[in-house]
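Letters A, B, C and D mark the chains as written, and numbering starts fresh at 1 in each.
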Amino acid sequence: MIDKIVESSHKAVEEIFDGAIVMISGFGEAGSPIELIHALIDQGARDLTVVSNNTGSGHVGLAALIENRQVRKMICSFPRSANSKVFPELYKNGEIELELVPQGTLAERIRAGGAGIPAFYTPASVDTPLEEGKEVRVFDNRKYVMEKSIRADFSLVKCRAADRYGNLVYNKTARNFGPIMCTAAETTIVQAKEIVELGSIDPEAVVTPGIFVNRVVNVSDPADESRLVAENLRYPW
Amino acid sequence: MVEKESKTGWSVIEMAGKVAGDIQNGAYVNLGIGMPELVAGLVPEGREVIYHTENGLLGMGPPPEEGREDPELINAGKKCVTAIPGACYFHHADSFTMIRGRHIDVCVLGALQVSENGDLANWSTGEPGAIPAVGGAMDLVAGVKTIYVISKHQTKTGEPKIVRECTYPLTGKQVVDRIYTDLAIIDVGKEGLVVREMAPGVDREYLMERTGARLVFP
Amino acid sequence: MIDKIVESSHKAVEEIFDGAIVMISGFGEAGSPIELIHALIDQGARDLTVVSNNTGSGHVGLAALIENRQVRKMICSFPRSANSKVFPELYKNGEIELELVPQGTLAERIRAGGAGIPAFYTPASVDTPLEEGKEVRVFDNRKYVMEKSIRADFSLVKCRAADRYGNLVYNKTARNFGPIMCTAAETTIVQAKEIVELGSIDPEAVVTPGIFVNRVVNVSDPADESRLVAENLRYPW
Amino acid sequence: MVEKESKTGWSVIEMAGKVAGDIQNGAYVNLGIGMPELVAGLVPEGREVIYHTENGLLGMGPPPEEGREDPELINAGKKCVTAIPGACYFHHADSFTMIRGRHIDVCVLGALQVSENGDLANWSTGEPGAIPAVGGAMDLVAGVKTIYVISKHQTKTGEPKIVRECTYPLTGKQVVDRIYTDLAIIDVGKEGLVVREMAPGVDREYLMERTGARLVFP
C-alpha cells in the first residue's frame, strides 16, 4: 500500500541535511508552510540555500529560519516587504547571500527543474543589471537571456487538502509556487489542512498529482502569519 | 459670477481616470502596486475588464468588506482582494505564461524614470546597501502587449522623471508605450515622446521646463 | 460585456487564411475537434501547416482535411495508426511534408510558444536521427538538444464545458494537447460540449483560463470519430 | 511417473511476470504498447503500483467492462482504459514533466534492437519510404529512472535483437537498464551485458549462439 502521510511536521522534515537546497512555497504569507518551517528550525539543519519568493515577515516562519542563522543564501524575487526586518539587516551586514531573480524567471526556472529542462531563454531582464553574466541570444530579432533550471533537495509546501497518494489541491492565491516546487525537489514535503479519502478529490481538479509528493503531514489549524507578526511573536516561542 | 479656482495639473484620481479611459472592453489588465491600483475603480461603465494579479488570480475583484478578508486571497501587493464570478486560480508558472507569452493586454506601472526611447526604471535606485527587489516587473515589461506608466511628472524634490537616459538601473529597454503624469499624457513612439494631452494650466513651456527629455508637440 | 461565444462552427473558423499554421488538439480521436475541422474543410483554407499529435483516421476529421489537400505540412509525433490511410499515402507520394517531433518535445515546444520562451534544451532525441541539424549542448555533463518554440495562427480545441469568458474544463484524457495549444495561438477557437454560466466552473478547477481563448462554439453532440471510421464515412458527406 | 514436458525458454506471460516481479510497491510505472501492457496484470499481490499513461492519466486502471468504454478515457495505445480512485488527469506538458523530469520510476518498452552498452532502437527500421513515427519513446528513455526492455530474444527470422551496435535508428543511447527476453534476464551495466537468470532449457552456449553481443556470466 502507498501511504505518504506522516504523523508530525518534525518527522516530515527530519532528513533535511546541512547545506541542502530547500524550496519554500508561498507569496508573502499566502501558501507559506509555517509549521514545516518551524519544525525545520527545531530540527536545526544549517547552511541552507532557500528558494522562496520573499524572505518572511516579523520573527516567525521563514524570517525566523533566517534569524536562526540556518540560511546561507536566499534565491528570491522580492526580499523585502513592509514587515521584513530580519533579512534586510543580515544582508546589509553581509551575513547572508542573495540571488535576485525576476519573479517569472524564478517560477520558470523551478518549473524547468521539475520538467527536466536544464535551461531556457526568456526576454525578462534583457538589457538590465540582472542579465549580467548570462548568455544573451537573439531569436527572431529579439534578445533573450539564457536561464538555468533550479532543483532542490527538499521542497516545503502548504496545501488545502491531500490524499494518501499525495494528490493535492490548494486554496485560492495560496497556490502560487506550490505546484511547481513540488515538481522540482528530490523530496517534497507537504503540510495539508485536511487529509481526504482516496478518490474524494475530483480527478479533473487535482492540481498536484501525487507523483510529485513524497510526504504529507496534516496541519489542520495552520498559524496565521500576519497575526503572529502583529502580536510581535518570535519563533522559537 | 464666481470665478473657478485656477488649477495646474491633474490630481492622482484624474490621472488614473485618464488611464482607465484608455482601457478597452474585454481587456486583460495587470495593475502595479500603488497608484496603478486606482485605475480599476475608474473604468467607464459598460466596459468589462478582467484583472490579472501575477501571484495567481485572473478575475480579481474589489477589496473585500471589512471582516471578510481572506489572507489566502491576495493581490501582488499582498493586499486582500476578492474574486469575481468567472475568476480562476493558477500557479506561478502559468501566471507568467500569461505575462511572458503576451496574453495580457495592458499593464499599468509606476516609474522612477522613463527615458526618451521608452526605457523604464522602476525597481531600484541603485543605491549601495539598498536591498534590491524586483518582483514581476521585468517579466511584465518584457511580456505585456501595452505598457502604461502612471507617475508624477517630477520627483518630490523637483527632479524630472522623464529623462534622456535613465540613470537608475533599468527594468526594461524600450518598453513603455504611454506615460500618464499629473501634467500630460505622452506617447512613446518612433518619433520620440509625443505629447497627446496637457493638463489644465499646463502649456508647452511649462511642460518642457519640467521634463528632462525632448518632447514632440504634434 | 465579454462574450466569446459564437453561433456556429463555420463562423468560428471563418478567418483561417491560406498558409496559416493551425494547431489541432487531440490524441487520436480523444479531444479532436471534429466539427471545427469539418467547418474548416467547408471553409476551404489551403496550404496549411497543421500541428497535431497524429494524422487522423479513416476519411473524417483531420484525415479528411488532409485528404481534401488543404494541408501542406504536418508537425506531429506519430503520423500513423491502425486506421490512418490518407496521410501515409500522400506522404509516400511526396505530396505532403512531415516534421517528426518526439511527443514530449512537441508538447514542450507548444507550451514554450504559449509562455514566451523562444527555445529550451531537452535530453529527448539526443544521439538519435531526430537531433540532426539541432544545436547540442552539455549541461552538467549531459547532452541536450535545443528546441525552438512553436506558435500558431489558430488553435482548434475541443473541451467539455466553457463559459462566456472562455474558461474551459475538459473530459478525462481528451484534455491532452488542448490546454497548451490554447496558449500558443494568435486566435484560439474552441468547441465545447456545454456552455455554462459564468461562475459555475469552480475557480480552483478551471483548466484553461479564459485569457487563452478567443472564440467558443457550442457543439453539444460531437461526432464519435471511431464510429464514423467504422462506418467508413467520408467528409464532406 | 509422467515425464514433464521439456521446454525451452519462457512464455510471453512468464516474461511479463518476471518484469512484474521486479516492480516495487509504490512505483510509478509507464508501460509501452504491446507486450509491456501484460505486466500490469501480473504484479504480485500486496504491491500498490501506479500506472502513468503519457496521454494524460496517472492512476490508469484495467480495461473497462464491455459496453462501458469511454472513447475519451484511453491509454497511449489508444485503447479504452479505466481510472482508479486517486487517479488524476493532466495535459501533455505536465505529463512529459513527469517523464522528462525523472519522476516516473520504471518504463517497460519493447525493442527492435538493444546494444551492448544499452542503446535502444525501437521506433523505426529506417526503411526508405516507411512512415517514421516516434511518439513518446525518446522522451521516456531520456527521462524515466529505470528502463526495462521486454522482447523476444530473436526476431521472427532468427536474427539476434541483442547486438554489439544497433543498426536501426536509435531511440536513445545508453538508456536500457535490464532486458527480459524469452531466454534470459540481462542487466546492462558498466561491465557489459550481465546475465542474471536463464530460462528453463537455456544454457550459456545456447544463449550466446542467439545473442549478437558479448555476454558476461557472473
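Keep this in mind: contacts are C-beta pairs under 8 Å (C-beta built on N, C-alpha and C of every residue); 3 or more make two chains touch, one makes a residue touch a chain.
The shown structure was predicted, so the numbers you read here are calculated from the model rather than taken from an experiment.
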Chains touching subunit C and subunit D alike, please list them.
A
Tell me which chain's centre, taken as the mean of its C-alpha atoms, is farthest from subunit B.
D
Between the Cα centroids of subunit A and subunit C the separation in whole angstrom comes to 34
Indicate the whole-number Å distance between the mean C-alpha point of subunit B and the mean C-alpha point of subunit D.
56
Got the subunit A residues that touch at least 2 other chains?
108, 111, 115-117, 122-123, 170-172, 204, 207
Specify, in ascending order, the residues of subunit B that touch 2 or more different other chains.
83, 89-90, 93, 96, 99-100, 142-143
In contact (per the touch rule at the top): chain pairs:
A-B, A-C, A-D, B-C, C-D
Under the stated contact criterion, what part of subunit A meets subunit B in this complex?
27-31, 77-81, 87-88, 91-92, 98, 100-108, 110-111, 122-130, 170-180, 207, 224-226
Interface residues, subunit D side, partner subunit A - complex:
25-26, 28, 48, 50, 52, 58-59, 83, 85-90, 93-94, 96-104, 142-143
Subunit C residues within the subunit B interface of the complex
1-2, 111, 113-117, 163-165, 167, 183-184, 198-199, 201, 203-204, 206, 209-212
Using the touch definition from the top, list the residues of subunit C that touch subunit A in their complex.
108, 112, 115-123, 139-140, 142, 144, 148, 169-172, 202, 204-205, 207
Mind pulling up the subunit D residues that touch subunit C in the complex?
53-57, 70-75, 78, 83, 89-93, 95-96, 99-100, 124, 129, 131-139, 142-143, 169-173
